[in-house]
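Both complexes below contain chain A, partnered by chain B and then by chain C.
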Partner chain A sequence: MHISEGVLSGPVLACGWALAAGGVALGLRRVDYDRLMTVAILSAAFFVASLVHVPIGPVSVHLILNGLLGAVLGLAAFPAVCIALLLQAMLFQFGGLVVLGVNTVDMALPAVVCALVFGPLLRAGGKARLVGAFCCGFLAVLGAGLLTALALALSGEAFLTTAKLILLAHVPIMCAEGVLTAMVVGFLAKVRPEMLASSGLAG
Partner chain B sequence: MIDEPLSRGPSPVHRRDPRFRLVACLALSLVAALAVNSGTPLVILAAGLVMTGLARLPLGLVARRFTAVNAFVAFLWLVLPFTTPGTPVTAAFHGIAATREGVALATLITLKANAVFFCVLSLLATIPAPALGGALRAVGVPDKFAFLFLFTYRYLHVIHEEYGRLATAARLRGFAPATSLHAYRTYAALVAMVLVRAYDRSQRVYQAMLLRGFSGRFASLDGFRAGRGDLAFLLAALAVAVAGGALDLTFWRGHV
Partner chain C sequence: MWRYFVRACCVVAGLLCLAAAQDAFAHRVNVFAYVEGDTVHVECSYSRSDRVRFGEIDVTNAANGQSYLTGKTDEQGNFSFVVPEAARKAKADLRILLRAGEGHQNDWTVKYDEYAAAAPSSPGQPEAAPATSQSHAAVQAVTAVPAPRAQATVAPADAAAMRVLLETTVEAVVEKKIAPIRKILLDEQEKGPGLAEVVGGIGWLVGIAGLVAYVKSRHGKGA
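After this line comes the complex of A and B, so read on.
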């Protein structure tokens, strides 16, 4: 979910950069050098996982996984998303440096908020974990869609229809992401429970 | 798939100091992205095209990237001309008509998006990732961020290969993509396994680094060295950015 360069207005871009810089700074402060390598390699893993195409009915979509990213990395989701987007600009020229701030906030902020709200459920186990993980996956994509739509709508009323269309297109993806996130979290809880436990925003 | 074919080459653009290329790219894209008249992005687009030409990038690849970036622009052309309020220029069809303002807005966005695209393509994509990490630090990005950037990039290829092996294994066992609970469970296991392996790998890598005396700082063997050509390049790029900005400012003044 990207907004391409050249669409947004100056104030929206500046706001995006300010929020992104704050989030990244906060995220970096929570990660000490002992955990930095884990965050780096997990960011790489999330970048790769987002290249996976999953069929939904007749179409195939690529995963976003920002809910899962928040559940595993906590506040470090901010620098992780920012770096992933920077790499996308560098490797594929999707998005540029100016919209980087807005795009980072769009994806990382809902992820961090979901992790904050559903974190306790994720560490509970059983049905609660399943529900919490589904909510993380579903709501993080919903939040990203809403923020993207908001950034577009604030840049001009001409974009209102575009914003609505983008949001609508993401409804099936939200459901798929919710189901997949629930399954992945279940898997991680069995195989490497410490990956979820250390996600704590206190980490 | 994750490769940087654009970052290698003997061209005059590739020889410029990465720090200067990064700053030039930032300045040019910023001016283009904030423009309110279509002359400014046109100037930046011309500069971007010249630099893309100088960088002698493989044409087929440039064409593919160009198409991908313009897919979103094409989508905007389908919507914006009809949703922007203004004077209609086409006959109304079911009450929907394209407006002059809508077409102007779509044109402006197309120019801006492509101006930034060619700047990023010629100035940012031509920097190898390790050099970009150093350049980021040089322009004031925190050390930890540069560290994360470098190592995310470093392990991207490793993890991508690992994912490839897992996907091959799934295919060998007869897995076919489908919208079913079974297929989704397989995808989830695939993603989870990639994460678990990445997590385990990160612990081993960090232990190995500690063993070699890593203290949070890198000693780089090849530092940046800017010459007269680099300075001339940066000044030229900044001059284009300032000229574009000035053009936009006069237009903006004239309209307020």
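After this line comes the complex of A and C, so read on.
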């Protein structure tokens, strides 16, 4: 879902940058000394995830992991996503530097919103946490698809067609992300509960 | 802590192996165009196996954006067009823009020099060639040779026709010879990021985190 350089119109790009800058600034405040490495590790996971392709039927899709970043990092998902996308743009020419703002918002904003909505579930124990994590993984990808379609629609592409195409292609990955996020959050809750406890959203 | 670290390393190693094994990347579309005679062939792909079906192609003048023609790629992601006369007259570099939908877009530029050499006529009818500017140049070149060698070209018109025939033949042969090289170039372009880039990127992230940690630790001491 990386939008290429030169597709979007000026106002959309500017709006994306403004939102991304706000998100990154807010997110950086949440990153204290103890959580720095968590942010870096998850940023690395996000950076690598889009290179891992899973063939599903005729198409191959890749993991996105934005839901996981939201669930574990909260607002700090913004800087993590932004740096990972910056490196992807510079090293792989995925997306681009001008559209970095929009791409960051597309990926990070739904993740943060999901984390806010399902925060109480995530902090609860047992099955509720797993359900919350699944919803984070599933809905963050859905939101990212909708935002991508919206950004394209504001620049002239037909919203419904694009949204349908993107979402249909990502239905399998939404499920995979949901399961994976639930697994990782469940695992972290057992091994490193403090990583989740300080997910930054509660305070 | 150590067990956690080892597990994390295993996961990263596993991801890297998968990343190295895969070469399909839908993040970037590739456009590759080459000239054959007076026709430009465009190949569009997400990766070697994944062609851009029915992507929109827009051919414009690279200098001023004037649109020459538009079209759609076929099932195989291929698109061919004859160099437009207007572009030939304007000596324009052709910018071939591919819109693959869902925000995927890329372009490729065919320089004027690449297609200028080919006569606009089909190779089978060299008689038609003298009408074009390219063949005019050939005629001028022949007639402009210095006096001592001028006697060698008995009939300039014949020589010009000969030259055109020779040029098209040589072009066809060279075309055949460089086809494999073109394939290598194409494959090279379509190759996704390798292990080196991936590891390098992770190195960057660790480095940035280290820098921030260092700055924060100094800040903490000062406060």
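The rule we apply is simple: the second predicted complex is superposed on the first by the 173 of 203 C-alpha atoms of A that agree within 3 Å, B and C clash if a C-alpha of one lies under 4 Å from a C-alpha of the other, contacts with A are read in each partner's own complex, and residues count from 1 in each chain.
Note that in this section a residue touches a chain if its C-beta (ideal position, glycine included) is under 8 Å from a C-beta of that chain, and two chains touch if they have at least 3 such contacts.
This is a predicted model, so every value here is computed, not measured.
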Chain B versus chain C as contact partner of A:L51, first or second or both or neither: both
Partner chain in contact with A:A128 - chain B first, chain C second, else both or neither: neither
Partner chain in contact with A:M183 - chain B first, chain C second, else both or neither: first
Contacts of A:C175 with chain B and chain C, given as first, second, both or neither: neither
Partner chain(s) touched by A:F94 [first = chain B, second = chain C, both, neither]: both
Contacts of A:L65 with chain B and chain C, given as first, second, both or neither: first
Chain B or chain C, by number of chain A residues touched: B
Contacts of A:L13 with chain B and chain C, given as first, second, both or neither: first
Touching partner for A:A153 - first (chain B), second (chain C), both, neither: neither
Which of chain B and chain C A:V39 touches, first, second, both or neither: both
Common interface positions of chain A, toward chain B and toward chain C: 2, 4-8, 31, 33, 36-37, 39-41, 43-45, 47-49, 51-53, 60, 83-84, 87, 91-94, 157, 162, 165, 191-192
Touching residues (chain side chain A, partner chain C) in the complex: 1-8, 31-33, 36-37, 39-41, 43-45, 47-53, 60-62, 83-84, 87-88, 91-95, 148, 151-152, 157, 162, 165-166, 191-192
Touch list for chain A against partner chain B, complex: 2, 4-8, 10, 13, 24-25, 28, 31, 33-34, 36-49, 51-57, 60, 63, 65, 68, 72, 79-80, 82-84, 86-87, 89-94, 96-99, 156-162, 165, 176, 179-180, 183-184, 186-188, 191-192, 195
Complex contact set, residues of chain C against chain A: 3-4, 8, 12, 15-16, 18-19, 22, 24-29, 50, 99, 101-106, 192-193, 197-198, 200-202, 204-206, 208-209, 212-213, 216-217, 220
Sites on chain B touched by chain A in the complex: 1-4, 25-26, 29-30, 32-34, 41, 65, 68-69, 72-73, 75-76, 79-80, 82-85, 101-102, 105, 108-117, 119-121, 124-125, 127, 129, 132, 142, 144-145, 147-156, 158-160, 163, 177-179, 183-185, 187-199, 201-203, 205-206, 209, 216
